[in-house]
Amino acid sequence: MSLAHGRTYLAIPGPSVVPDAVLRAMHRASPNIYEGELPDMMPGLTADLKRVARTDGHVAIYICNGHGTWEAALANTVAPGEKVLLLSTGFFAQAWGRVVSARGIEVDILDFENGGTFDLDRVEAALKQDSAHAYKAVLAVHVDTSSSNRNEFAPLRQMLDDLGHPALLMADCIAAMGCDRFEMDAWGVDVAITGSQKGLMCPPGCGFVFFNDKAAAARARLDRVSVYWDWTPRAHPEAFYQYFSGTAPTHHLYGLRAALDMIHEEGLENVWARHGLLAKAIWAACEHWGQSGPLRLNIADPSLRSHAVTSLAIGKPDGRRLREWCASEAGVTLGIGLGMARDDDPLSEGFFRFGHMGHVNAHMILGLLGSVEAGLAALDIPHEPGGVSAAARVVSGV
Amino acid sequence: MSLAHGRTYLAIPGPSVVPDAVLRAMHRASPNIYEGELPDMMPGLTADLKRVARTDGHVAIYICNGHGTWEAALANTVAPGEKVLLLSTGFFAQAWGRVVSARGIEVDILDFENGGTFDLDRVEAALKQDSAHAYKAVLAVHVDTSSSNRNEFAPLRQMLDDLGHPALLMADCIAAMGCDRFEMDAWGVDVAITGSQKGLMCPPGCGFVFFNDKAAAARARLDRVSVYWDWTPRAHPEAFYQYFSGTAPTHHLYGLRAALDMIHEEGLENVWARHGLLAKAIWAACEHWGQSGPLRLNIADPSLRSHAVTSLAIGKPDGRRLREWCASEAGVTLGIGLGMARDDDPLSEGFFRFGHMGHVNAHMILGLLGSVEAGLAALDIPHEPGGVSAAARVVSGV
Amino acid sequence: MSLAHGRTYLAIPGPSVVPDAVLRAMHRASPNIYEGELPDMMPGLTADLKRVARTDGHVAIYICNGHGTWEAALANTVAPGEKVLLLSTGFFAQAWGRVVSARGIEVDILDFENGGTFDLDRVEAALKQDSAHAYKAVLAVHVDTSSSNRNEFAPLRQMLDDLGHPALLMADCIAAMGCDRFEMDAWGVDVAITGSQKGLMCPPGCGFVFFNDKAAAARARLDRVSVYWDWTPRAHPEAFYQYFSGTAPTHHLYGLRAALDMIHEEGLENVWARHGLLAKAIWAACEHWGQSGPLRLNIADPSLRSHAVTSLAIGKPDGRRLREWCASEAGVTLGIGLGMARDDDPLSEGFFRFGHMGHVNAHMILGLLGSVEAGLAALDIPHEPGGVSAAARVVSGV
Amino acid sequence: MSLAHGRTYLAIPGPSVVPDAVLRAMHRASPNIYEGELPDMMPGLTADLKRVARTDGHVAIYICNGHGTWEAALANTVAPGEKVLLLSTGFFAQAWGRVVSARGIEVDILDFENGGTFDLDRVEAALKQDSAHAYKAVLAVHVDTSSSNRNEFAPLRQMLDDLGHPALLMADCIAAMGCDRFEMDAWGVDVAITGSQKGLMCPPGCGFVFFNDKAAAARARLDRVSVYWDWTPRAHPEAFYQYFSGTAPTHHLYGLRAALDMIHEEGLENVWARHGLLAKAIWAACEHWGQSGPLRLNIADPSLRSHAVTSLAIGKPDGRRLREWCASEAGVTLGIGLGMARDDDPLSEGFFRFGHMGHVNAHMILGLLGSVEAGLAALDIPHEPGGVSAAARVVSGV
């Protein structure tokens, strides 16, 4: 007998839960791609996308995943042989770095420890050292989906301005745009990227690159940009097909339209606040359990934690055991530990993650935490009982 | 800001949560109703329905809701002017009684209090008094969706047999077939009825009447049965349309096929056990909260509680307030109190209900309980915190 | 190799093709049935239903199929032992007659031949003979789905009024409401019935009974009406559940809402005109083919033909052969011949039908006719080639 | 009044009609991307994809559209500064050429006229002239979606072999893989590309690059391949995410699985034969109409016509008028003329196209042709009536 039979909850850090309204919008006959409803909806769609990124700049929509947007951002701004500075705080920054190198771009990496955040002194030193302004861009990840840390971008902009360094500031917002507060224009980010499958609540399959005029100017100085990644016709098309360099992602566009309607109907500030309070509920539960056992939040400092994903350490092999129990006995799929491998735990079996991005409410999160508490008990993993009740108290707002 | 935005959970006692597989099966073009896949699937469908009722008897499928099956069961067994004995333990038994009367059938009602169960002595007295065997049937409800009590049928059969009383034993299993254990043949029930929208996990729209040979014989002695309710051609059709006295409920049949596949793949004993353990988790939470406050399970005796629905008293107007909070702040819709009206609470505002029938797992129930615990705190309703953690412990099986 | 692989067209006379918008509206989580969106949408829904029947009277919605509405109409107007006059022009009138009898109602049948229409002289004679006004109702079918004939109701009303006969005039509009023009109030029909699965473009599962004040008064004089069929609370409920005598057909209601939106957005007059022109295209093709072969329209007089269904005779076994070829080789499912059985053709294999009701356009009908023309050629059934081109000319409006 | 209300048919040359089974498969909750059903289905999925291309080689799946696969094929085989030979027979070959150039690859174009096919003598001359084997690849389009011509690849392979020229032979099969016969291995094609939205019957969003060992060796000699386009890990991943260089296109994969099931259940030879016969039916209709009017098939030689798309010339502005009529009056959307612009017709208003790829059957095509015949008549465009009947005769197989 298993208690998992019912509506399961996929609590991995992306793809996130797709709302019924989005799935319903995607369940349709193929539309005409030359005229009519679909082409007509594009101006509103791009405007509403930019509202999510809090930018008045430009947006290019790509048929790709997040990794594709890594390429796109670089393809339009940095030529092979040029150089960038990468501020690494985790697994995905490292992965972006490999994409940079494979494009023939030189990359200097400031490696803050996995789960750490920027040491601004070290960043400043690196930028000062680059008096020739070789760095065409400073690359960093807003939220690392692996460690669940969150980084601040406004101080980087301040520093670049203070130093008069012309490098573009690029933010990978794949994990948490539409979840954690992100204000592209106010924070001075020049290029921001994200995908459809996390805070935007759609299936994977679309990537978005937001850029401002300064970044557009960088594009203009390049000799050559491959047609597929070129953001200029995508952002300012003369014909519908140019939005997508070819055939449009028809069904995703309808899903995205539904998702943006939901976000803006709720209000972006409310969306962010919802993610914030649900994250606090999760932290309260985890800290409660950890009082009498091995469970630890991966990011110790609450001000550096994402509101969209939470990484946890519990010791090998209990991360894996807990995931397996929750899936088979409670109907909840937890995220695997990613990029946490150590010598005694090469498969990151001592870690796991909660995704809580996008279409998530109190019911889903409290059910998640209740399931984990049940799993801890079932597997005889030491913990202080009562975590889910602690989370309920946070949810109550009392 | 609200924490309700996400996938909402409808925790009312029916219609229940429809599995994605069922909705997907119903999202299809209309099928041919004269030959092919749909007619061909009927023998398997009726066989699998009967497995859910634990009967080797007959089943008639109706396009109707539960109230329709009340009519159908009577139309085939009791003529106007004849008499039945109704054992009332709640709101829905009373409602069935009104259906009986409106058919011109005389009904003697043994009224056990709302939420009570059969007093076998009183039943025996009534049956003994009917030495002329005027009662053509004894009607009772298995689980009353309003009070959430559950009644035993095997003792009734034993009594009828012991007394040599030929009345048919009829069970209204609308609320809980496929949730609470029910064994039609083993318990000696002659007619059992249910609907598609609770334990069978489909949208409302189909009703099912199971009957054995003894009940079929009762049908045979009637002068007249209206065509729509006549169960004989439905149970033993010569042509496909006779299953439904006309056009088939095409899309519901595909949904039902998917639902029955899920039930039998899990195994009916496992389905019942799942409902049983989840109900115990709910009770543990409620009893925990009630230690320091007004919340009470409506049915004091655990052996009389349904595993599919739970009615709760909390005092006016907190039942209504809690429902409203859970819906607007947590994404959970609780059931209203039904049939609990008292002079000082004509709208049953001091009551509420949990539906936990069909497609429910640990995640859903723990999320429900976590939301309620949050609501109790948010509304400052006295309660002992920790109920959801108590439920998690039950779920853990420890 | 088969040319049937593609989107198939179910061209049977009901259930009809369900629009994507309707299926999409039905693909949803179960809604709350106590308050909120679903209860709130009912006044608009019933108003829009009545617009389809062209009545300012009342409407009761049933969870049932068309056969169920036969019962409902009678249950509210005629008591067992009373009498009705049935004007039979085909298979379904005869079937309704059996429903009448099984309710213990006496029925006098004026049998106009299958596919014929009312002989008003005979109707007048029967009504005059009933000087005691024993007939509580005159029952007739608007369009017989088997023969595809269409009958006029306004003359019947005129006759009843002229004779001062108080019988209710009842119309079975199951086959063609929303397809063939029907104006309940203007034509003086007192009770009209239909189902969800033809012109209303939804899956089978809901029946609708429209009635005026005169019919409501007939209900008031009855001693007893069974609860499920009683139309009074359904038409004028004090609580939401009374609309449906119990649990609402939740998903069908959402589908119906979408279907009514489509009908009224197009405009009912336009819907009728569309069916009219498409029917003319079908007739043109069939008459063209019949110039050099056995194919015949079942209803010779165009003014008596339905615009929703067309019955055809072609000779045994070519009706069956043609159906089989179209299904297996072209992706079109034709309707079987129904109720046309003769001694040399007990299975009506010499007949077939086209359903062209509801969600049908020029493309679908021309594809249907093209497939039939291909089938006639493939099976070497004599015919004058060019029928589909003749139909295209009708569609062109030239 | 319009006859368009009904199930509309999108007869443009892609995106094609998505089968209900595919849409249904995509209407699902997000799956786990780390383990379970989705990762487990990949080996079968790639095997079944390769069966469609008739290759035992390798396949890389990309989240991109057809234009993306142009990049991918080049990124793995030709370095910037190297050279290719492009055999242009239409609009899309020219567009591919621009992608080549933008990558910094030198391209020699043999321009056969739009709608023409390879002049093998000219190809041979060009290859002979390249005695240094500067051409790393010979690029050509199998079916040009604009002109609807179809080219032969086997003779190109023969020529390359005869000349001992090591250039890779690359085929753009976007328009017609799964429609027109294409046998990658037998014909000696080294790299073949296609997308999800035509013969593969899925929404746009996935691209597929098939390559053999010779092409894999070309990849190995490149210094640098950008991570996103690198086909090696995609074709031979060690972890699931490598199939897609990041997050998987979860919902498309389920849709693709359903589509491949349909293709292989029907049998690829049968799929090709179905497209072939339906194309012949279309040609018969068009040639019939053209006997007395301006309508002309764009490709005069039947042996050079695609079975998936048909381009037609009718004279300005009747191409546009006919498209508009069919959409607004018959429910059929025709494809616009593309790339046919001339001085007196800069918008290609004198042209239009039929898409007949993937999920198409006799009913759909005959309905399309019937609608066009009706439109020709309605718009008073000279034509010989009877085209759709001529097509029906082809469909009959007589």
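Letters A, B, C and D mark the chains in the order given here, with residues in each chain numbered from 1 onward.
Quick note on the criterion: a contact is a pair of C-beta atoms (placed from the backbone, for glycine too) under 8 Å apart; a residue touches a chain by one contact, two chains touch by 3 or more.
What you see is a predicted model; the values in this text were computed from it and never measured.
Using the contact threshold fixed earlier, the set of chains in contact with both chain B and chain C is A, D. Centroid distances from chain B, each centroid being the mean of CA atoms, peak for D. In whole angstrom, the spacing between the mean C-alpha positions of chain A and chain C is 55. Chain centres here are Cα averages; for chain A and chain B they lie 45 Å apart.
Counting partner chains per residue, chain A shows two or more touched chains at residues 8, 17, 20, 24, 27-29. The touching residues of chain C, counted against chain A in their complex, run 20, 24, 27-29. Partner chain D is touched in their complex by these residues of chain A: 8, 10, 12, 14-18, 23-24, 26-34, 63-68, 70-71, 80, 98-99, 102-104, 195, 197, 203-205, 224-228, 230, 244-252, 333, 335-336.
Chain A contributes residues 1-9, 17, 19-20, 27, 262, 266, 269-271, 273-274, 277-278, 329-332, 359-371, 373-378, 380, 385-389, 391-393, 395-398 to its touches with chain B in the complex.
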